[in-house]
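Scrolling down, you'll hit the structures one after another.
One chain, subunit A, links the two complexes that follow: it is found with subunit B in the first and with subunit C in the second.
Entry: the complex of A and B
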């Protein structure tokens, strides 16, 4: 990466320390200082109560064998070593990441294509643009219940349609691939339109002159898309990917509702679609293992850190290629 | 599990109305006359599903001027259990009186200090009001602390579809049907006959192997997954393996609809007729009625269960020590779990009393249910409850049971071989037992 290709964001960042200068000079009276801290204190108070304390307390709990209703005893890092050998935890991790990839990749690609379409001259443009957002304002529980009905074995619409082309009814909950597919469909249905609108907003900020210039140079629509649209959209793609990552790791309601009935929290008979949050919840409230559940929570925190770093590296590479 | 007794909109509306009116009353006449309210007390009752207490509340309120009872009901038992556990652990109970389901009561015994001990209020003198095992279920192992008093028991019977039996060429009269299956082996044979007679892949004899498995298990042993010392005995207790084999035998015979209990498809199956029989504790009748709807009236009937008797579900009422009105709450629990209270609940919902002295009264002996072809529900369920052997369940019964049911379902779906399924069940059970 050369300095010539460094995005404007870099330059902006170096301006940081320079800004600190004048503030240090105008330090002001003691009273002003106190007032300053008072003004910023709400954030720190709220963060301490709702962010820092739960984080540390969860860690404290994770060092114990802590029965939700009964006894508690100190086990040190015992929960962590047990967790590393816990097949169900790794299984849940694989499920979470698998469903995340299976839902996010097509979701962002379709959203990009959709945004491109919505950016054309269309009749009733606002109607279309509003329309793609509709799934997103639907209650997540309603989405879960309706899609579970659509994917039902005996009377589901999906199996009925597949029946017309000669496919035998599929028990969607039963297999790993089918359950992942069904859950990803739910996630995509809800979030594709939202991302399309985000991309659309970014598309409209791309200067028209770039396209006009490319047209004069004889660039095809495809190469215009590749060499102008995608590079200009990079910050937005970063944002959309980040939001999708956060949502993907926290995936809970869709798989839970998809497994309607008894033992919903185990995500299928062989845990084929149990996500990390479901496993955490199961440990805490079916097993009453509060300490172990807290350990899962902390491991999730680490997993999210790893995924976030991997994401950042990947996107930086993408940035360099363009 | 007495899961998913549907929540009643009328009650919700009533509760909401009550909250609104009391809020309005506070806002409107704050400090106008009798500022201290003349000792008005509100008792909060937290239950799941429908316990049929409306009329009993009215009676209690009439006998205790100044007392108002507000009931909150959660439709989903799983959600209710989770919320109750959280709130009890945090020391802020959701009610002055709370319902505890059978599967959860062992858990709460571990923190008996969070509940009022009914023995301090003379419950030991009235012990014979409950089936002995019912009273013991909510009493600590040393016998010194009773955290809840019994409401209903899930006396077992078998519900079946008359129209499907007729189509399959089987008898439909409930005495004749009951005579077909004194044992589970014969029940399986009847199932095979049914499957041959009905000649359809869309209709099966039983809903799933797991429900049948639980019914068999609860009949055949005085302990299931845990011995009274709390040791996991799933591998050494022959009753578990026998129940497992018998239930999966039905699945292999092709008579199971393979529907997970309380799933949307299972619920819909009552209406569409995906299965012809379902293990039927007393509270299930209300469930069938809700799921099959008005057009299902007369299609379902009730008869005796193979193996004679059994229990599935049933509840207790308890008073958390965090309540501000403990004495009054205890009084309410005493009233609701008394013979009079249990009879009132039976008449409202069909939940079978846990008070054995009621079993020979004309109210129960002559009770019939018009939805089920006037089946003599009182006699049928009483017979089921009387033959019942008390079963010891350990504190970790629920997670272990979930693990075993999951393994069984994966065998039933054909994902796992029966041998591997059993190994998985034992392994997962050991893990769940901690």
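Entry: the complex of A and C
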């Protein structure tokens, strides 16, 4: 791309000799300029209308009392101060963060280890990779339905297995900790293999000499993992954590389907597993409070930012320790 | 062997596989790596297997203790019950999902090829910052804008209809980026120069010269996009009405407490997962390659 070879111009049009110097790479012909913008415009137009505009407009809506029919009145930051004193909001925030930590930490750790295994010399490499990716192609709705059956109180497989080690049947939906655990299990099941493949891709770019040298020095697998794999994969770990954060803070489908019944959106009788997106949905489409729900959306945006920055800082520190 | 395979079937991932640290192979028995991976695969597959078991048994069996672990003989009966249940409208949901996912996939692939080609090969002012913006869109939780999006769909009179779940997803930042990376490595400048000298316009060059080269990567993007759209839940659940279900919203309705017939619910879930399972079995190699390619560059 940085060579002097000229890219295509429009038919019959030759670029002026002045443009043909060694700096020709800086600017294209007029035809190229036009075609360039024309070719990228569908992406930018659609994204502007259906992605960016709604996101920004959410802030405007959050400054109003705004109902389903569009009737609105300006309240300034009133929704925000109301939200800060809203117990249900804090409850949803705690649930979301709790489930997020419970699901993301083991998920990424196991994925790293799994990537290490998949990077070994293996027969039928593609088959093993497909094996770990299988859960990820299962729709979230299907995951929610299947696992809710596995976690059923009286005849679920999980309680039956736990019964063998003397644990009494658990009503998984009933308690905060147990519902968090069950929902995290669904998230982990669906995403661990996906992340393992992301890590595997990065692992393949790590020079094998590093491992060979470590082996000659007699380093154990665990210490190779700690001192080569983790440091070399740090950018990918940051990326995977960020993606997991964005997804985790917006968790919705698994907890929704975990609580089949009339009030699925409240996440249990005492909101023990209602997440932020569920609360947003409840405010907007059950309570018809578009303004207040938009406030929840912006707070979620803030939470994602804070968690993402905290993650990045934490991972930067890790390097110092390792 | 790898080289041969790649010639026959140019996958997106072309980088040579970095082999594992050399380690003396065990001659006897199975390596611990394989044992662990086999266990992981069992954990991966079990919930799906369990779904098939439950979908193939009479409803009464679902509540038996211990839970049944082998398939029964009622699979066809249960599938038939789902498909013939007019209230659930599962057949219509499948058609809707195919339509929505299909249209979105074709658009995403076309627009991504166009933009990917432009970002890789055409020189225009602001190219780098605009590409940076595309990358940023992959990191923005656009889902948080769903209230104004709903208001917008109300204004456009699209609430409840299929275009409402299609239009916002006809482009993808990930797709643009994936195709751009592929054009950079797979389309030599000489090829474009030759087309230009033959008098081809940029559009003609794109259509007749570039697009055929992009086919393998476009296929991968199509697979990933189709799966993502097929599995989408929150927005369709919010904006579609009962007369326009997708497979996922039909599933949630099926499981949403209106029915206590778990065999029916599991048969429906199986039907919803099946198309993607088939796609995955046929194109697993390409899908794995696409996900790994998408992750490494980001």
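Everything that follows uses one rule, which is that the second predicted complex is superposed on the first by the 263 of 322 C-alpha atoms of A that agree within 3 Å, B and C clash if a C-alpha of one lies under 4 Å from a C-alpha of the other, contacts with A are read in each partner's own complex, and residues count from 1 in each chain.
As a convention for this text, a contact is a pair of C-beta atoms (placed from the backbone, for glycine too) under 8 Å apart; a residue touches a chain by one contact, two chains touch by 3 or more.
Note that this is a predicted model, so its numbers are computed, not measured.
When the two structures are aligned on the shared chain, A:58 is found in touch with subunit C, with no touch to subunit B. Of the two partner chains, subunit B and subunit C are each touched by A:148. With both structures placed on the common chain, the touch criterion links A:80 to neither subunit B nor subunit C. Applying the stated contact rule after C-alpha superposition, one finds that A:225 touches neither subunit B nor subunit C.
By the touch criterion defined above, A:264 lies against subunit B and subunit C together after alignment on the C-alpha atoms of chain A. Put subunit B and subunit C next to each other and count what each touches on subunit A; the higher total goes to C.
When the two complexes are overlaid on their common chain A, residue A:301 makes contact with subunit C while staying clear of subunit B.
Looking at the shared chain after the overlay, A:202 reaches subunit C, while subunit B stays out of its contact range. In the superposed model, A:129 lies in contact with subunit C only, and not with subunit B.
Of the two partner chains placed by the overlay, only subunit B lies in contact with A:171; subunit C stays clear of it.
Shared contact residues of subunit A, touching subunit B in one structure and subunit C in the other: 70, 145, 148-149, 154-155, 260-262, 264, 285. Subunit C contributes residues 15, 17-23, 25, 31, 33-34, 36-37, 40-41, 43-45, 47-48, 50-51, 54, 62-67, 111-112, 114-115, 117-125, 127, 130, 134, 137, 139-152, 167-168, 170-171, 173, 176, 184, 189-190, 192-193, 195-196, 199-206, 227, 230-231, 233-234, 238, 247-248, 251-252, 255-257, 262, 265-266, 269, 272-273, 276-277, 279-280, 284-285, 287-288, 291-293, 295-296, 298 to its touches with subunit A in the complex. Residues of subunit A touching subunit C in their complex: 1, 3, 5-12, 25-28, 31-33, 35-37, 39-40, 42-44, 46-47, 49-58, 61, 70, 114, 117-122, 125-126, 128-135, 137-150, 154-157, 160, 189, 193-194, 197-198, 200-206, 208, 211-212, 214-215, 224, 236, 239-240, 242, 246, 249-250, 252-253, 256-257, 260-262, 264, 277, 280-281, 284-285, 290, 293-294, 297-298, 300-301, 304.
Taken in their complex, subunit B has these residues touching subunit A: 1, 3, 78, 81-82, 85-86, 88-89, 107-108, 110-111, 114, 202, 210, 260-266, 268-269, 272, 274, 396, 398-399, 402, 405-407, 409-410, 413, 415-416, 424, 431-432, 434.
Considering their complex, residues 67-71, 88, 145, 148-149, 152-155, 171, 174-175, 260-266, 268-271, 285-289 of subunit A touch subunit B.
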